[in-house]
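Before I ask anything, let me first share the structure, which is written out below as structure tokens.
A, B, C and D label the chains in the order they appear, each numbered from 1.
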Amino acid sequence: MPSSAPRNDPFPPDRLLALHRTMQLIRATETTLSKLFADSEIPGFIHLSVGQEAVAAGVIGALAPQDTFATTHRGHGHVLARGVALDLFFKEIMGRAGGICGGRGGSMHVADLTLGVLGANGIVGAGLPLATGSALAHQTRRSGGVAVAFFGDGAMAEGALHECLNMAALWRLPMVFVCENNGWSEFSPTSRQFAATLDKLGAAFGIPHRQVDGNDLAAVAQAATEVVEAARSDGPRILECITTRWHGHFEGDPQRYRNADEIAGLPENDPLRRSAEALLAAGIEEQDLAALVASVDSDIAVALEAARADALPDFDAAFRDVYTPTTLTAGA
Amino acid sequence: MPSSAPRNDPFPPDRLLALHRTMQLIRATETTLSKLFADSEIPGFIHLSVGQEAVAAGVIGALAPQDTFATTHRGHGHVLARGVALDLFFKEIMGRAGGICGGRGGSMHVADLTLGVLGANGIVGAGLPLATGSALAHQTRRSGGVAVAFFGDGAMAEGALHECLNMAALWRLPMVFVCENNGWSEFSPTSRQFAATLDKLGAAFGIPHRQVDGNDLAAVAQAATEVVEAARSDGPRILECITTRWHGHFEGDPQRYRNADEIAGLPENDPLRRSAEALLAAGIEEQDLAALVASVDSDIAVALEAARADALPDFDAAFRDVYTPTTLTAGA
Amino acid sequence: MSKPLRYVNAIAQALSDAMAADPSVMLFGEDVAAAGGPFKATRGLLDTHGPERVRDTPISEASIVGAAVGAALTGMRPVVEIMFMDFVALAMDAVVNQAAKARFMFGGQCSVPMVLRTPHGGGLNAGPQHSQCLEAWFAHIPGLRVVCPATVADAYSLLRASIEAPDPVVFVENKALYALQGDLDVDAPRGIGKARIDRPGRHATIVTYGATLYAARAAADRLAQDGVEAEIVDLRWIQPWDEEAVFASVAKTHRVVIAHEAVQAFGVGAEIAARIASDLFDELDAPVLRVGAPFMPIPFAKSLEAAYLPDADRIVAAVKDTLA
Amino acid sequence: MSKPLRYVNAIAQALSDAMAADPSVMLFGEDVAAAGGPFKATRGLLDTHGPERVRDTPISEASIVGAAVGAALTGMRPVVEIMFMDFVALAMDAVVNQAAKARFMFGGQCSVPMVLRTPHGGGLNAGPQHSQCLEAWFAHIPGLRVVCPATVADAYSLLRASIEAPDPVVFVENKALYALQGDLDVDAPRGIGKARIDRPGRHATIVTYGATLYAARAAADRLAQDGVEAEIVDLRWIQPWDEEAVFASVAKTHRVVIAHEAVQAFGVGAEIAARIASDLFDELDAPVLRVGAPFMPIPFAKSLEAAYLPDADRIVAAVKDTLA
């Protein structure tokens, strides 16, 4: 599906190569996690973003340092793209002391406030008001920042979307609503979940909407860059990325509800394959891509080793973090 | 503002006269309540629908006996139009034992389940899911009934609207969303409260929307009849009635936030005056209208007297109604 | 009539039997129909009872529960599922301001016969937003009933009772129990508000509900080795809770520990402890002790969650404290 | 530095002073800006602090509170208003699953310095959906602080403390107190978690908070006529509550009544009663008694509401019971 706006300023190959590396990092990390999960090295449940890497790489790549975002239960890609330390990431998902969240949150709560990541979220739709509030903070503080809310097509049914579109429109907040439309809400297709379309909803609230092929890295990157800058100067925007979920809703989901053709057709739309082809066509060498894969794999191996070696979290330390230390508790 | 669809089948004068009487009943009741409130005969707070009578009379007049509706904090008109016993109504608002709700709910909770009235509601927007559920019941039971959700323009900002539009559209529920758009949400104008328009929201969900001059009785009645029947056979509809709130948000509100011109201009749009003129033009006699006013006044006087004479509610009786008697509590 | 099956299948069976018995019973919730439920508690029901009465909803918790109230007010007996109890936070208005109050505030004109099924509890490393035990919120709200079955048999019969009950019931399942196997007695008497003496004893009473029953059993086994006979009262119903049964046990043992998985502070055990301590003031030979989760969100990591959840060790220690 | 004013003005003053002291403090809520708030608790703030920092919102409780969390995570100290405590039912996810847990579940990376102001309580015949006291819900949630000032001075200084606090605070006002007059001390020390001995006494302790303080005072006056000196502990903070102060008082009087306006069953008093009964088991000369609302929704009619609300009569009777 082509971007609805004309692409004036295609990203130069070196910029795309960097984003491609981000995609490769996400793909390899998710694939590693899938194996770790199957091997019972990861507790709880995890939702992988294999197939959706172009959205994470393209949108996060368009953000400035002061920008902030809230993500979803399927948020690994966004957080990795933003540059979370890979070892702290693995430690978190594996429930180790040194995890970015001390092993207290796990996959559904990966956050890095130093990078403006307001967290993955276990509550569908809950990132929308968080990002709205962050956009309000940007506006009030005149930080020049933009806040991004990632949400899935299933989340569109939550009232939070409506409330936040309205607030963002009323206050002209510097905010981008990024829908990762992968066509599935757990085990149900979007068509049985949501009767509206996001473009028409945007039109109702006067928020410009743009749809993009979410498996086309350059298209996402280009659209995201434009949309984020438009939000920065002119108020809220919607970016809808049509993408594909390769794995089950969660790891271990056998996807019986999906027909074989659909699953067989997934690789055809593989964002990594497509971007690799584009890069090769633009003159990047095969060996550069191979080197990139190797470098990602080695980064992951190092991080994973560190995670495996890391201690289990300390209960008392966790307990001490329920509240922030303050002298006020000694007061009055 | 004219109805957006052509009016094919104007209501005959005798039908309009009956609806006019309903309006008169609402107007006179609300005016009586306003006085009673000022005289401290009514506890709590009350929200009057003076100026909005045509919506109540026209929409409720279009309902069949099996139909159901949920209304709002400003719900007196709807309940009166549906034919709640006037003495039970007054007793309720005045907190007497014989009130339709035993004096436990008051103005914001008037309900009459025998008439399919699922209650006024103190929670803005809460009637939307109630009506959605009732429409679901109609559909599942094949009752042939339609459920109506009344809501104000302010309520449009609640996520419930979005969620219920979606459910109604997905399931093609026999349901009408009736917005009483009086331009005010408490002390704030709609323009500062809601960035979308209901017609576009309806379009987004594929739910036909119709806007009508909510102060034109015949127009409301006509549109409501069409819309209710369409909902009965073909799924959800939206009816937006543009109307005017004469009194403060609640009684005692001095309305400082409203400019003098707006208030001065209200009578011009008086739905009662307009319908009286139309009736006279259609051949109804002045004296018939005067008789109608007198008959309403006398009904109210009787009901009010009964309410004043009624006992205060019994605490123990109230306590016994928290749960429904059941033999299950003696069980297992 | 008895056959062994899993807790989760007992739920499905109760739903199916209730739908067969009463055409006004219907189900809706996220992925409950075509997929048979995220935990398979509604498996097969779409096929057996058809798409009108078994419906998948969009992800709209507030309106799912609100719609249940509206349907219950107009002739249906809806059973809705909220996938994790943590998500009831999105639907509190419908439960508390609508369902719980409609009968009372409408003067007894109507009832709201609906059931909100939802799983609580840890043990699956599902983390802080997918594990909470929030039943105390509902127990505090007049007009609601709250129940939490611990056994396969109770999963069935308490769900049947909940669906037959005229007023709204918050039916709390414990997701760590879904795989539990046990016997079903579809003809067992069904009722509201009665506890069950899970194990008789005379030295101390352990009052519990839900999955903590199994920690209590393990604790009682260990205490028995030391000659301490603990009586276990499985509350089953939290609102109303069975004062008679609890008080009778405590009047016999004079020592009591209340154990549950929810956070201890301001949890269900607080009310029960307060009532025992005041109403049986002269019967108590030791303070009423409570075992509940510490005052922190439930953590994700396996090691942290294991340390967090109340277990047999803590119950044993508490019972010993009451005997000291 | 002291000047007499109303409780509602003390709130406005605290907000204004906090905004003057810290540019990251901002307010938003329904009709809080142009109209100065439905109860006038934010009157004048739009003029003084401007439309960027004082904002009217649409009627979207869930997202108002959710946005406060997002703003608090990224540099602001938002104070949001939920017009009636009953409406927090629409915003529980933001409070409980987001605000309360963010610091913990993100490993202590951040704090969520926000205040949710909301009025609870009856006395205005506002009916079942505009009068509830739901503070027990929040007290049960690790990560939250809950406070309920009863006096004009506390309205000011506890709100300043709440705004200065690094973690989310549910700040509960009692709407029947808005018109109360009293003295303000803007320089009073500010802190979290300390109760206040409202009236010293030696025969029995009355633990209370919020508007029930005034019923407790009336009760103490009447008891004094019978020679009973009741000590009143005004909790102020419900989470954390001041165990030290409560226990010290009970250790002195050996008899205690806990009184609050909320429904008694599973209410705030349950936890405090349970703790006193267990921790001070040997100090108690009588059962810990509680006075709270009966287990029914709060009714509208004047006569019903008056009979419903806990009053001095019931507190006097309970204190006498503990002395019997």
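Just so we're on the same page, contacts are C-beta pairs under 8 Å (C-beta built on N, C-alpha and C of every residue); 3 or more make two chains touch, one makes a residue touch a chain.
According to UniProt, the chain labels map to these proteins: C, D = Alpha-ketoacid dehydrogenase subunit beta.
Just so it is clear, the structure is predicted and the values come from calculations on it, not from any experiment.
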Subject >> Chain at maximum distance from chain A, centres defined as averaged CA atoms >> reply: B
Original post:
When A-D is set beside A-C, which has more C-beta pairs in contact?
Top reply: A-D
Original post:
At what distance in angstrom does the C-alpha mean of chain D lie from that of chain A?
Top reply: 39
Original post:
If you average the Cα atoms of chain B and of chain D to get two centres, how far apart are those centres in Å?
Top reply: 36
Subject >> Distance between the centres, which are taken as Cα means, of chain B and chain A, whole angstrom >> reply: 45
**OP:** Can you tell me which residues of chain D touch two or more of the remaining chains?
**Re:** 58, 60, 62-63, 86-87, 89-90, 93, 97, 104-105, 127-129, 142-143, 295-297, 299-300
Original post:
What positions in chain B touch 2 or more of the other chains?
Top reply: 99, 103-105, 109, 121-123, 157-160, 163, 166, 170, 192-194, 318, 322
Subject >> chain A partner contacts - residues on chain C that touch it in the complex >> reply: 30-31, 34-35, 38, 56, 58-63, 86-87, 89-90, 124-130, 294-297, 299-304, 307-308
**OP:** Could you pull out which chain A residues touch chain B in their complex?
**Re:** 157-163, 165-166, 169-170, 192-197, 200-201, 203-206
Original post:
Hey, which residues of chain B end up touching chain C in the complex?
Top reply: 68, 70, 99-105, 109, 111-114, 116, 118-119, 121-123, 126, 128-141, 143, 147, 159-160, 163-164, 166-167, 170-171, 318, 320-324, 326, 328-332
Original post:
In their shared complex, at which residues does chain D touch chain A?
Top reply: 24, 26, 28, 52-53, 55, 57-58, 60, 62-63, 65-76, 78, 93-94, 97-98, 102-111, 142-143, 145, 157, 161, 164-167, 188-194, 240
Subject >> Contacting residues of chain D [partner chain C, same complex] >> reply: 62, 86-90, 92-93, 95-97, 100-101, 104-105, 127-129, 134, 136-137, 139-143, 239, 262-263, 265-271, 273-274, 277-279, 281, 284, 286-290, 295-297, 299-300
